[in-house]
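One structure is given below, encoded as structure tokens.
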Amino acid sequence: MALKVVVIGGGSSYTPEIIEGLIKRHSSFPVTEIVLVDIEAGKEKLQIIGELSKRMIEKSGKSINLSWTLDRRKALQGADFVSTQIRVGGLEARAKDERIPLSHGFIGQETNGAGGIFKAFRTIPVLMELAADIHQICPDAWMINFTNPAGIITEALLKHSQHDKVIGVCNIPYNMRHSTAEILHVAPEEVDIQFVGMNHFVFGRRVFVSGIDRTQEVLEKLKQGLDYSPANIVNLGWSSTFIDALGLLPNPYHQYYYQTEEVLKKDIKAFEENGTRAEKVQELERSLFKLYTNPDLHDKPKELEERGGAFYSDVACSLMDSIYNNKKDIQTVNTRNNGAIPDLPNDAVIEVNSVITKNGPKPLVVGPLPSSIKGMVTHMKAFEEQVIQAGISGSYNDAYIAMLMNPLMQDEKGSKLVLDELLEAHKAFLPQFN
Amino acid sequence: MALKVVVIGGGSSYTPEIIEGLIKRHSSFPVTEIVLVDIEAGKEKLQIIGELSKRMIEKSGKSINLSWTLDRRKALQGADFVSTQIRVGGLEARAKDERIPLSHGFIGQETNGAGGIFKAFRTIPVLMELAADIHQICPDAWMINFTNPAGIITEALLKHSQHDKVIGVCNIPYNMRHSTAEILHVAPEEVDIQFVGMNHFVFGRRVFVSGIDRTQEVLEKLKQGLDYSPANIVNLGWSSTFIDALGLLPNPYHQYYYQTEEVLKKDIKAFEENGTRAEKVQELERSLFKLYTNPDLHDKPKELEERGGAFYSDVACSLMDSIYNNKKDIQTVNTRNNGAIPDLPNDAVIEVNSVITKNGPKPLVVGPLPSSIKGMVTHMKAFEEQVIQAGISGSYNDAYIAMLMNPLMQDEKGSKLVLDELLEAHKAFLPQFN
Amino acid sequence: MALKVVVIGGGSSYTPEIIEGLIKRHSSFPVTEIVLVDIEAGKEKLQIIGELSKRMIEKSGKSINLSWTLDRRKALQGADFVSTQIRVGGLEARAKDERIPLSHGFIGQETNGAGGIFKAFRTIPVLMELAADIHQICPDAWMINFTNPAGIITEALLKHSQHDKVIGVCNIPYNMRHSTAEILHVAPEEVDIQFVGMNHFVFGRRVFVSGIDRTQEVLEKLKQGLDYSPANIVNLGWSSTFIDALGLLPNPYHQYYYQTEEVLKKDIKAFEENGTRAEKVQELERSLFKLYTNPDLHDKPKELEERGGAFYSDVACSLMDSIYNNKKDIQTVNTRNNGAIPDLPNDAVIEVNSVITKNGPKPLVVGPLPSSIKGMVTHMKAFEEQVIQAGISGSYNDAYIAMLMNPLMQDEKGSKLVLDELLEAHKAFLPQFN
Amino acid sequence: MALKVVVIGGGSSYTPEIIEGLIKRHSSFPVTEIVLVDIEAGKEKLQIIGELSKRMIEKSGKSINLSWTLDRRKALQGADFVSTQIRVGGLEARAKDERIPLSHGFIGQETNGAGGIFKAFRTIPVLMELAADIHQICPDAWMINFTNPAGIITEALLKHSQHDKVIGVCNIPYNMRHSTAEILHVAPEEVDIQFVGMNHFVFGRRVFVSGIDRTQEVLEKLKQGLDYSPANIVNLGWSSTFIDALGLLPNPYHQYYYQTEEVLKKDIKAFEENGTRAEKVQELERSLFKLYTNPDLHDKPKELEERGGAFYSDVACSLMDSIYNNKKDIQTVNTRNNGAIPDLPNDAVIEVNSVITKNGPKPLVVGPLPSSIKGMVTHMKAFEEQVIQAGISGSYNDAYIAMLMNPLMQDEKGSKLVLDELLEAHKAFLPQFN
């Protein structure tokens, strides 16, 4: 029986990870066909990745048919799963997302800060079009979105596209579970974290190991400086006061909101010394592709794991496997709230532990937000809703309000400066604003 | 390691089923001690059941320590699970619950009709006391309530007792799953039904077999007269119009609400011919206990399965097993809503698919009520809340409003007549109203 | 300055009341033009009413330009207020609404029972068209709807038409206020009743006279048989138990829901003796029109006040006056909930005390529903939503569910019988179902 | 008939305003007795104010019995209205509220910033005690609270005291209405503003003059720099972009949240030059009291109007007048939400247009929050709830979370620094934290 996976943004440097993941799971998730898709501008990279993937599959001995193409609609025919890992405007765009806010004294956070707003604005039109294609060509296919801001993008698609089988994934819950397992010296499979919140703004409420509550132990470790940040975030550590009062596990992105001044200083210093994170990533990318072209390379190189996005693909492969096999295990995904957190709108997308079935994720009830984070979480969700509205409407006023609503901006004049420069800088990728 | 189960109402004719269930699961759920508890009035039955249970355990060869006692508080020491299957006032009380309303032209439905109101009124004080004992003596024990009206009782305990580890179970979802499996010729484990609603008022929204949606097939069978009623309910069948318009699987109790006149006529006729269901059950009981006293009987007799409550204990044993082993399988239990159905209060108890963990059931999100049942379900839940309020307060006005709110009563004068007679008839068991 | 009122259904026997109301208020609400509009079938009646109205205006000496026409779109030009008092299918249709359910043993309640469902089904298409015309021709005009079921119709228009300036009115709150004033021997203007609920299902929560709470006194009077029913409803009286437990003022329509059996018996008996209420009204109408043709009649005849709809027009005239003059007095109207009763959907129409401004009614917060009526009110509102959905969609299944959801029906087979006969009987007026 | 007003904090420099207000309204609101109450530390000021008040009343010729006392419980006997205008810790405490945060680079906003948190912490215990006294001694009396943070204090009392007749007032809505009237050249009574939000975080959604919508005109004026700030806030003006995108009237306090950096710079500069606002107010106070001692002064001196709190008393007198006379006019007060803004909790206090009756304020429905402010308003309300929780519990962790949740703080380490210093500085006034 055919089982086809299409990788949109197949020329991404992350693709070897997904190929590895599919090979590794072949016995339970017997993929028969993989198609890597990219756009004209990524043709060369697609070729490199395609050839490396081919070598990886050959080495594995699995019977998987791999190909690559620029013809997206053709690739979608008969697809069962479509994963999306695109970067509209490339790393150049990301560099602007970070540099422009920073030049006005704001953190250019690329996922839920000013930068993230524009990443969303650039991505929404492209993925809306993809979703429309999927809905027409392979309506039963699941769209697995890893494109950031993953929560916002997933919510935009679930609200505004006709295709309903869309799931967002992120590696933050994966990393939190794995780091927690590590510090407790247990296997990751034994660890359950009750998550509450949304993408990049998720907290851990309780930690269970084989059903035993070990939350306090983990909170103690956090106070001692436990670090479960991805490679792209320098951890500043949390004070005992913060952890005691909060009683929750923060995620690495929370430092942007609770340690704003320090992060800003660090970012400005780092920028003055080395340019933005985006620029560092560009460099890293170049060296990765250099590795990839080596015809003797038949594996995903270790170096890839140093990227912030590591394990994203592993998360995605696990998800596809569980859907395909109706596994009913619990994974943390981005999907519709529907009351799981009664304080947030039913149609909001949240990051939530869900039972994974052939019919998609079935979220577990989270319950009311703890009072300590209710303000921030509802604020952030309202901000996300505004970003989506602006990303769809292309209205200047909507975009200004989105910028103003972001807790890292929240400045009448600064919001306009940053907005106007970013609109100008990304003009080519913002059809809805023209 | 000790693993102790206490059975409150151990002298019930259903107890052999729970003993069988515990024996059957001994390899995964290694019970070391079972104590059957009953009250003075049930002493004789307790003795009979105790001896039969002893013979069953002996035959099984499992090393389980079984005893029986009238000293509840002593029995609770060290308990891990406490199951409750009591009938305050016995079958005589049930007969009155049914006969009195019927004599005024109303269905005396014993779970969520006028009879059920009084079953709740009689049970609430007793189980509130039990919950207080558990909270004091074995605070970590899970209380598994099968006492009807199971949803109302569980909600009363979760709202008003201090003990929070209370789960309600019912055999209706079990029966619906098993009957569905039967008509689709598949194993029950392959069948998932998305339930929506509450105890004895639960609907099936979609049916999946190994993840494939087969709802339409089941609805077709229902139109052709598929019967998955328990032994105590005569199925009247559903019309095609009803099933097509509703698009949901009703449960056998729905006939009371949607076929009221017919059920009433049937009940009156049956009553005139044979007395109430309660009276039939009394007869059945007598013959069961006759069987039980046979010293050569070492098994649960087949005859027990003809009772409406069959499989209740199986449901309860499965639940204890999954809690004990942190199994994370999905079972349908009565637990706090917390937003699973956003139309109902957070603190309402609903019957809901839940992941069963060592920390109890974690409900899956159900989502908003389908518009076709929103009116009835919210009405019934408001009624249940009123029953609980009256059952705790003992206020005549509260009780009158509860009676009036019941869709089978809803009659200014009739509600008073029925209420007054039932209050008088059950006086001895209603301390809160005196 | 021009001030134009258009009366849709101008040939109605109620029209003299609205003419009288406009004459009476001419000093504060200086109407310059009234146009009576009707359809071809009502041409003759329109002529009679038009001439009587002319005589009434002449006698008053006010300078009001009155005309009548069958050309609705022309009449709407320049309108400031459009009142609607239509009866699609006439009294013959109402007779069927009542007779058909009764023949199957159900109350054919013409506003929120089975009859009311069909009154809504017949009216919705006609008033949707009218609202579209108003929106196009006189978009600033207020549409004042007295057509029953007034709450359902108003909600249908506010949800599905583009015209947003729609207000529903009913004489029940007016009657309750006036009757209360009478029994307390105070002026109606001194009486404030806190209403809670919706059209024909509204309760009085508290009664204030000049700000002093006199609720208990009124409840006592109700227990003694105080009757504030309109002419078309025979009051059965309420028991002390009911009033004490409820603690609210019921409205006359509540007897259908809380005294169902008695009303049914009374209706069947009355029907066997005299035909339906509709048939009595037809007779009354004939005699009214006979009076109206008398060229010496220059006033609204006293006989009109014996109709159930008396004072509707007074309510409507008061409303127009307060809007026109931005009076900011408090009137009870049917308008969007928007949170006034948090238990009901924001977009539901409720009957609510509102400050009347030039920009329409601004509802006062009502707060959560008392627990004693929460079940019934949420049930009825869900039923109303279903009626509207079916009235717009024309789907058989939607209509069946609406019929089934009605607490006076709620019968699987009976609902189908009644539905099918009514669909057939009213075929000519139900374009959406063809 | 006796009509008694008790002024808690009677030694306040604002008291002459309330005396003037009561004299002015004597024909409709015939006060017979006024008692000024203060504490030992304010004895001298109380004497000065008492004597001035006496002279004012004498000059007016009204027959009002005025006295002053330190015995609060005695003063409360027979009271009809109790107004509260206290400043626990005096202006010295306020100076610390502002100076300490500023020293760490945060705005020490005295109402809903870090300073306001501590103003609430100091005030809550005192007013909880007062409310308990009122509830016991004069349970029918209305407590009119002008003590800032007025919204938070009112919510704390409505949630945690037994006395339910508490209303909060503020002069911001009054000022907005009056300034708007001024720029539109109309009388303030003709202006209606639809307010949405809560105390010091309220927006104007629409402006009506005699029922005509003139919102756009007012927004245009705002873009041109219209200033309706009270004396204590320097207006920075709003950009066209901000006003166009928001489409709402901000209040002067919004600059703290949307122009944070600028306000901070201004505050630091002002502080370095002149000390805090509190210190300026102390100076102003000294000169006012100098004026007050003049035995020839028989009127409220003009100089008082230069204070930020001007017109507070006028607002309070209007409110008492309308309650006393069951006027049913519309005033903007702080009272329970109850669904008026469905996005906020039912028991939250909001600032809302309300019909003023003998039974207190009846809020008008506001409806869902505009999406542009939903994030901020829900965030601020969650913050306020946390301040109240901490103010009642006296828990350090609760207080830390409150500080962290404030959008002007929101800094892990800074929150601790500021919290610790303020806790130390105000120790004497924070019994709940000891």
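Going in written order, the chains are labelled A, B, C and D, and every chain counts its residues from 1.
In this section, contacts are C-beta pairs under 8 Å (C-beta built on N, C-alpha and C of every residue); 3 or more make two chains touch, one makes a residue touch a chain.
Bear in mind the structure is a predicted one, so any value in this text is a computation, not a measurement.
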Between chain B and chain D, how many steps is the shortest route if every step has to go to a touching chain? 2
Greatest separation from chain B - chain, by CA centre: D
Need the CA-centroid distance for the pair chain A / chain C, whole Å please. 55
Any idea how many Å lie between the Cα centroids of chain C and chain D? 45
Contact footprint of chain B on chain A as seen in their complex: 192, 208, 210-213, 326, 328-330, 338-342, 346, 355, 357-359, 362-368
In their shared complex, at which residues does chain B touch chain C? 238-239, 241-242, 244-246, 257-262, 371-372, 374-376, 378-383, 385-386, 389, 396-398, 400-401, 404-405, 407, 410-414, 416
